[in-house]
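Here come two complexes built around chain A, the first alongside chain B, the second alongside chain C.
Let's look at the complex of A and B:
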């Protein structure tokens, strides 16, 4: 190395000349001051030619401050050269270092703005060494002349979405939900490797994805330089199906429709998401199966293979199953194929078999069902997923202690339990939580009951055009409670009377609030609701007739809600109304029961005209009851019952 | 005729639990401090490390009153016996409906533990505990207000707080701060038999290394 000596000028600069001629010299700088001055001059970080304007300014300022130094320092050129050389050598050194290192060291050229020289842009990043903060790096990266140029970038993308760590020479990822609050034992470990080493145990993602009939997305996926290797039990696609069945015989059959909802951007993303979904479904089913065995309802739950059957109402069963199709063999896994059912059922199954993948269930022969009979309860499947997610959420969301000395992981009520002197029962009640299965059964019961109520009301509405039954369903409801408002009106006479009732639908019961404030609680049997509405229709007719009588001037002679005479109703009581014409010589009697059609009778005074005599001075003495004649009102003109009655009244008054 | 009823006493249960060492009465503690100017950085770092990174860290506002229970009439002899027992009562000022907490903190255990290990007992108490303690003969030693953030990572409780002086006529929002820095505490309650969690504590502390130096601070070496 060249030995460069720097010498200070012999005499000090003149600071000031006094009037008497004496010169004040600048004190010679001390050793350290001298060194700092020199060091300030040398700036190895910037290039000699391309000093930015700011630095130039600074230098100029410095020069102004120190007028004793010459503007062109004699050694400046030398300094520049030395500096440049040093920079180049250090760049070369860096490059050599990288080249010498093992292949997992790589170099990233980050573009730096504008005219920055190349040495400044070089950073060596030992990426896979100890999981560095990848978030700090940003594409674009350039790495020419290497076949696996995308591997690290893809690894980076992978790292942004999945948990990765390096064990030995392999990169291991975890797709389990454990970090999100899951307690499932099965591990979701996958391995990440480069696609170029052919000796690896797994096949290329792109290829395996293309082999799967489930994923059309994978067909167009480009060759990825990154390969993920998920355990075999998590390959393929899986989902939980929920259905409600009425019949006993096809209790144990199910079908699978292709549900490929994963839409990842890259093949490995797709594959990992699928695998994670499989893991999630497995955990969900595992949890449900454990609860099904533990719970002891009056009718025990049935766990067969990958199906859980629970009886929600007599004769109505809930079926929860785990469907898992292996992408490698498209055959069934633990169940009958769709085709075997088709053998018995003919064309009915064709619609369901479009996915053509597999059937994930356990049996058998006779039980075949058409697609119409067999329906996925998508909302229930969704709420099952939601329930498990909520379990995850709750396992992490313990309220934090206040004051901070309080112990962690306790609910607020539990902390106060000691103070409030809670007894054992209260504590136990506090601890009790509904299991997933119980919650889903409640939801299913409600769901079923709601649909059945809807069906009953719709049937009645279709059956009875007179009066009309209008139902309004509340759009906002909870998974276990909903509400419907029913209006019974007669067309054209809705101002005369509107019968309203509200039905609340719970899990196993219905609560009906009638117009008069009566509250009735009904069981899940549809007949009870039907009877109630029939009674309401009958009462509506009678009440509307009385309302109409007011408008037409007829007088209500009597009205009886529960009449004791006549044929006995199978349910409820018949009611009657007697109306008298304004002049009083005609009487209409109407009899109506929930299960009988309305019958109308007319009786008129024997003599239509009246001549006062000495014996009978007033007309009302002439109004003697005579024979009742039934009106065949179904033959009458008129749109509906009230219309006919109005016409009848008009005819009788005339 | 007397029925042979065998009802276990509550004390027996407690004793059995103590014997089998399942009562979490040991606390591992690491403490450090950070200047107010760097608080934001520490909070951000902790948010990334702790659970529930998606929500903002919860704040707390506690008032602590420390009582000393000892024989005040006795001659003051050097040694821990004369220092009496310190009982700390803490209440959450922002959650007035929650019970007060009474805490007893023992002396740090000797030994080479990764974190400060001490006996620690916490009990929720009703809000008349201060009168009760005074009746017992305890004397008020000092009181202060701690305000800050609380987070958790697994079983570890992470608190970042600042202490304020408590004085007469001091409004809730006008407190006199004691220092220009925040305390950072990592603590975890455990049993005598389960010491593995201390390593987790240490690991978390190491993650905060350049920002906060969390150490086991022995109070006996401090003070007069």
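Let's look at the complex of A and C:
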């Protein structure tokens, strides 16, 4: 209630006392001044004043036009209060409107300044009592940059992405992949708690005195009011390291470690994601290690510490390692020389708060602490992840259609097994699935073989310029099969002949389909492919020469793919072609082998001119072969072999 | 799955184990490798209702095809084979208003399994509700699927260790299916045929054995 004193003070207030003792009194207030003074004392904010404020509102409207005329405008305070009351009423009205709206909505009242006009009690207005569906949530909040986020809102957002349940007074979450089909026994339980002490992270900054100047800025990031506690074995970050290495060093020398630290206080989302990733990597590695022990290939797989070594080709090994670093202790486990160096830089990074990531990336640069000659194969790591995800997927997804009377989880073939009367061996074969390790080894083998094939072809293309070797790789391939098409052409004479061959690359074998339809299967040894292409080059030269002869009018006397005479080729057979000039008095013989140079011989009739006599009536009787002379065609003009031969033919015909 | 031929090995001594020992010894001389055991069992159900013809339903399990239950409906003139998943066994109790099994007719052949190259030989002793009945030898030739193409080879092989009890002519069951592709159902039907023969044989010569058959 407003309290209005009605008594007028007996004396006027003393305004000033002069040196001589006289007092100057304040003039008594006029009627209007008195009213203003009294009205100022009315507190319109308290209840029961609505009627008066509504009445007064109208008259105040007019005076609003000159708002800042004088600082002590008589009824300013009254007007302000009335206006404030109006604002509150209209806010309340808005609120009620939203509440009554049919598609239920959330309204979030955010404190804008230190003191809010809204009542303090309301934080969230959960309209429907039952939990709203995640999709139907439209928070119409204008979210200003607030230092402290609301615990409940954060919990709500946490619930949208993670599985939570309440046990007693604690909120427990699960970040394992069990609901997605994982069979890993390690649990991924984390605890959600309210972050009561906001000073927590700042004290962390204070503790690590050598914090970088970045840290205060990092501290300005919105402070989460929610804290997640993940189990210690899942803290830090992890990844699966995959590389292919050669045989030169002893196999288990390298100790893989990592120093990819997580900053001490990260947002919970990031923290949970990292922990889940750690769990995933652990499961993947566990699975691989189990399979590596169980499988019995001819060369057994090695599982030592956090590494699996599998031999994919003689002398070539696949190395799969689990790199896990926890942010707690500075030294990554099994630290090597480099690892300990990175460990020294560890605390500074951890102290840097969220801003520390930039620092971290500069100090720990490499991430992998093993010798840098091991190249991490990102695509293979990705394939591994994909394989495990596929296992998850298959454990829950059964191919449709699925008869209702069949028991769950049976494959289509298994369902038909009883009806078809499959015997024991067939059933066993059906049950046998390729393990992850086998699959990744096959992929690695293919990957390696593809790169090696690419290298061999490129080497040959660089080595041989005379017939050009052009290779086209199929951009689309499966993880275990790819295809390359090779064109052998002579520059400028590609209309004469193109030798084409297609090579399919599998895991351990190459299948080459030649132009004449011959199919050759080769092993992973690069020399075999090299020999094949060399043979193809030699055959290409011979065939192209015959094509050229057709254009120039020379006659092919004979052509032999596999000639038995002459020096023995180390591999494959030499081939020869004999060409006769249009007039028949000149013969060119060409001999070519996969590993020999092309050699060209010329023989011409002993007499260039011919005079018919009674005995020898035609010139062709004069065409007796004479001595073969070798042409040193490497000294000849011309860009390539066919060009030289063309020039040679031209010279001999003239 | 190749072609299978069944042969009852005559057992004059009626002891069972002596003759199987003999067969075992003979087949081991042929460099056979013993690889496990096998069982084929057969339950027979009769129609409950007395109206109309009397039909039999043989429920057969073969350990070689562990996920299959064979149900052979025998109308006397014709045999209809159904091969179903082993869940069919759970379905059978629901059919007891139609078919009722007679426990003492359960007959099974049990024994050792041998491999000789492409041949699989199973020497089984047939017991009916616990009583020894006969010796039944199953010979399977894996690479071939039609009986016509491999009968002579199989006959020669069978004669090599079973002697003259192997007739030079094909068993009547295969005679009708000389050029068909041999399926697991054919094997089971042959078993049922032989089992029926053994059952009837005991009733016929009931004086020699206990005569437990109906």
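Going forward, the second predicted complex is superposed on the first by the 417 of 654 C-alpha atoms of A that agree within 3 Å, B and C clash if a C-alpha of one lies under 4 Å from a C-alpha of the other, contacts with A are read in each partner's own complex, and residues count from 1 in each chain.
By definition in this document, contacts are C-beta pairs under 8 Å (C-beta built on N, C-alpha and C of every residue); 3 or more make two chains touch, one makes a residue touch a chain.
Computed from a predicted structure; not experimentally measured.
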First (chain B), second (chain C), both or neither: which does A:518 touch?
neither
Which chain makes contact with more of the residues of chain A, chain B or else chain C?
B
Looking at the overlay, does A:422 come into contact with chain B only (first), chain C only (second), both, or neither?
second
Does the superposition put A:185 against chain B (first), chain C (second), both, or neither?
neither
Where on chain A do chain B and chain C both make contact?
405, 407, 415, 418-419
Along chain B, where are the residues that touch chain A in the complex?
24, 51-52, 58, 60, 62, 64, 88, 90-92, 94-95, 98-101, 103, 122-126, 146, 150-152, 155, 157, 159, 161, 189
Per the touch rule, the chain C residues reaching chain A in their complex are 1, 64-70, 83-88, 183-185
Report the residues of chain A in contact with chain C in the complex, numbered from low to high.
405, 407, 414-415, 417-424, 427
Which chain A residues qualify as touching chain B in the complex?
396-398, 400-409, 412, 415-416, 418-419
